[in-house]
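What follows is a group of structures, each given as structure tokens.
Common to both upcoming complexes is subunit A, partnered first by subunit B, then by subunit C.
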Partner chain A sequence: MAYYAIKGGEEAIKNSLDFYGDITKESEKLDDKDLIEGLTYSIDRVISEGSLYTKKLAAQAIKRSAGDLLNASFFLRAHRSSCQRIGIAKTVDINDMRLTRRISSAFKDIEGGQLLGPSNDYEIKLLVDLENIETNIEEYSTKDNIIKSAMSPLREDNLIKILPKEDKPWDITRSYPTEPYPRSAVLQVMARAETGSLLCVGYTTMRGYGDIHPTIGDLRIGELDIEFTHPFTKNEVKVGSIEATAVECVGTFNQDEDGDTKLTTGFGFCFGKNETKAISMSMIDLSLYNTHYSVGGEHIIAADFDMIMHHLDGIESFGMTNHFKLPHYVTFQTDYQIFKSAQKYTDDKKEEEKGLAK
Partner chain B sequence: MRYAFLDEEAKKEIRRSILKAIAIPGYIVGFASRELPVARGWGTGGLQVTLAIINEEDTLKVIDQGCDGSVNAVNIRNFIKSVTKVNTTTKTLDASIIQTRHRVPEIDLQEGQTLVYQVPMPDILETVEPNISKAKLLHANADYSKLWVLLYEDTSMYGDSRISNRYPVMVNDRYAMDPSPIPKYDTPKLNDCKALQLFGAGREKKIYAIPPYTKVEPLKFEDREFKVENFDGKACARCGSVHSFLDEVYDDEGKATYYCNDTDYCDTQKEKQGNN
Partner chain C sequence: MKREDINNLAQLVQLEKLEKLYKEIDKDNKVQVLTPPTEQTLLVPVRDPISNSDFYAGEVLVTSTIVQVNDTKGWSMVMDTNESLSLYTAVIDAAFEADIFKEKIVTILEEAKSQDSLNKEKINQKVNATRVSFDLM
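Take a look at the complex of A and B:
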């Protein structure tokens, strides 16, 4: 009987999970280590969007969701809510990064040189192997490579517009701000944003919806030490290190509030190796805080704080989009009734008009 | 696992937001909104409110679209039970906390009960003013002219508002509020309700409330009657009720039959008739 179709949810969930388990069970056989080392970019994407730096749990999350990375990030976010916070680590400085890759498109010659590091930017993307290509791995030093940002000289020469520093960074996981959104909160939203969403909005600044002319001043991937004040000894102790991507992009120039002509920059930072994400983030940051430096109009998507703060989170947009799978027959029933009475009203009116015309 | 899943700081923050919401009926209070093991848009706002207020002595009921047995309701109830060990019930009158999606129970709520709504869109002004900052200003000035214009345009075109569910209400003569996607049928039940009504929107990070015995009126022109869904001439094919919101169910021949949407209400009616 149709009435009972809606009941029996308990059994339906179990069966559905059994089926899901059936088609995803092969993923459980994968080794965590293989995922962490083998699918390193997947892991990095999940820790970045899941906003929890744990490669081990990310590997488990990827297995649980059989490679659906947004779903995997969702597992991490949920896990994050059950972790008690014990304190806040010291702020990291990207200039202290032990670099594995660092490039600048703005300058040909930079301190420390261009360090291509691991990248497949210049790979010919063919699934078949091209023969006769020899690979020679260049000798490289294992010494820590710590070089400050290629943008530092310009900043030191006071050529770059510097935004006011906040006394204490906002924490969007503890209180969500309303307008005016502090920059620290905006950057956090972007740091844990869904890569594709961020890329899409960042892309708008390049075509049709603003023109901020970004040049990558400094793109870096490397390791940063995390230091924490020991609760008893009060000494700064190293509690671990994280791998992260940071980008500083340079925009066009304009006059600042004091009438000085300054260059503008945008900043992007996220966990793991996520170059596209960090670049997109830096462009949006540039666009948000320098609208009147933009060659295009000021009213562009990537310069709208509400747009950025509320539409970039993958876990949220994914959940809401998937909620349409839930039943909506109560709302649809009432929609349908309203539709029928509106239809009757307009039909009656038409009849009435016809009557008058005669 | 911590009691009620959320860490203590989170629960404290949510409780403070709830208290503020109760103090200013219909006013939207922001909160941080934690991620839960349930997807955004699937009731995480209601869940966070429930998890923040629930304790061992509570009896919990969860409904989705009027039913305790639908998958989302089952899922949420099982999750809350697994992290709190509270007793659960399907009986409206036995519950101290009822978490709901899309319906207000048919049976009148009582003092001491709390109805927690899962809210997808907390701000009723969103339809007419998508910019949150501007909408906040409109609320501050009690400027609901855009909603009235929408209502006027619909009324002139279609004889009534086209809004079927989440019909705007005025709370305590001050704030226009989104009552969550309940059908118009349920809107009058919000007024002067004996129970505390809490609204949680997880994705949008907002909490609001209607304290017991608060005036709640649908937004309506003085010379227009507020019309709810009409089930005249129809009765539940199971319990015979003519005083409940009915689901239209089609059989294989395409013939429509009607059943109570609130399954607990339907069961109660059957029990009363003594032939269950």
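Take a look at the complex of A and C:
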């Protein structure tokens, strides 16, 4: 069943668009720079879910959709498909991140220390006027913080379970894989997934359907350099830098391919500052690849590759859900006619049986 | 300064300054735009620490331009949608290679680099002011 092509209604559609423009036009008065700097987390969510790092267009998309962030992500995803892909940047490594925030809830004392960075984690969420707190930071160091993940020492000591290496990453935007899904494709799906969807599935693991209680080994937010090859000198050139969030969560113990018992971990990464998304991704990653200690029954959503690969993309689920608004007259009328015919058949049958009984 | 530094450093300069420099180069030299500023995307591979393999996290929007200043080709790839910035940067890339206004280019870019370092130091101070070691109860 599908929706059917329709025609007509041009004037009503034009008037509807005009009406939409009327109720959203105030957003056009917002300055792009103000949006980028003022609603920085909204911008970051849109570039992450739209899977296109462009803060300028994210600001425009948020204005065009009057603050509907999923709709704004749709604009970016559509724009992405209209651009030529020039190539692949040099691989980025989270250990090279210039940190603005880095915490670990697994280790109290870590190399480089815990950096709270810009966060309102410890603020009481009451909408009262904020106190103007005076701070003096002159005495603090001006040095960059480029610190290895808190999980690195354990990894170097071979205490962490590793998964098989892939020769070449899969690209789901060119072809979508079938089972068994390559790990690179699974991570790509989650990196561009909708935050709420990831959070929902990640939350199921905490409510009794998975590894229950992972610990954040390393959560980091910061800048990563994007490098590409200069076409004339053939040397690496810095194109710019991106903000990103990465999380490594630690689960329990599990056996690796050689039968050795190791600590299990999950990895989360996304564009921009989005801790909730990266934490959720790392927890789902942990569940997918380490089901041994999972509880809550056989069918665990967060450990089901098919479920993860086909249900987390915000643009796809948004599009599919909203397509139900389009005229389905023929589809519904078909169902309705079948229902009416069945009802008539049942009524006739009853009448016939009554007649026979007499 | 190396030619490879230009692409990044030019993006730190105020656009008005770059435009002025571009016009000075354009005035006495033959500037041809071979590929006009074009929006493109770059796929971003990320190293997965668990499998030590790469995966693609998404794409970065860039604006690329190829120009020729007299006989030397120049190129730029700047972040986001930025046509003017990309054009000026490509022209400066070619001019630097062709030894045109090289000293001036270096001065402007070094100034921007210094200012950017100062800005980064201020941010680093803010970050370092949040370093914490919670006490166990």
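A few comments on the model shown:
The definition used in the following text is that the second predicted complex is superposed on the first by the 319 of 358 C-alpha atoms of A that agree within 3 Å, B and C clash if a C-alpha of one lies under 4 Å from a C-alpha of the other, contacts with A are read in each partner's own complex, and residues count from 1 in each chain.
The rule is short, and it goes like this: a contact is a pair of C-beta atoms (placed from the backbone, for glycine too) under 8 Å apart; a residue touches a chain by one contact, two chains touch by 3 or more.
This structure is a prediction, so every number in the text was calculated from the model and none was measured.
When the two structures are aligned on the shared chain, A:80 is found in touch with subunit B and with subunit C.
Contact with subunit B, but none with subunit C, is seen for A:176 once the two complexes are overlaid on the shared chain. Put subunit B and subunit C next to each other and count what each touches on subunit A; the higher total goes to C.
Touch criterion not met for A:70: it reaches neither subunit B nor subunit C. Applying the stated contact rule after C-alpha superposition, one finds that A:149 touches subunit C and leaves subunit B untouched.
Of the two partner chains placed by superposition, A:250 touches none, neither subunit B nor subunit C.
By the touch criterion defined above, A:334 lies against subunit B but remains apart from subunit C after alignment on the C-alpha atoms of chain A. Touch criterion not met for A:303: it reaches neither subunit B nor subunit C.
Contacts of A:141 after superposition on the shared chain: subunit C is touched, whereas subunit B is not. Legend: residue contacts after superposition of the two complexes on their common chain; A:187 is shown touching subunit C, with no touch to subunit B.
Subunit A residues 80, 83-85, 173 lie at the interface with subunit B in one structure and with subunit C in the other. Only residues 47-48, 51-57, 79-80, 83-94, 99-101, 108-109, 113-119, 135, 137-138, 140-145, 149, 151, 155, 160-167, 169-171, 173, 183-185, 187-188, 191-192, 226, 228, 230-233, 235-240, 242, 244, 248, 265-267, 269-271, 285, 289 of subunit A touch subunit C when the two sit together in their complex. Residues 1-2, 5-10, 13, 30-42, 44, 64-67, 69-75, 101-103, 120, 130-133, 136, 157-160, 162-165, 181-185, 203-205, 229-230, 237-238, 245, 247-251, 257, 259, 261, 263 of subunit B touch subunit A in their complex. By the touch rule above, subunit A contacts subunit B in their complex via residues 2-3, 6-10, 12-13, 74-75, 77-78, 80-85, 172-176, 178-179, 306, 310, 315-323, 326-331, 333-335, 337-338, 341-342, 345-346.
Of all the residues in subunit C, the ones that touch subunit A in their complex are 3-4, 7-8, 11, 38-62, 64, 66, 73-75, 77-82, 97, 120-134, 136.
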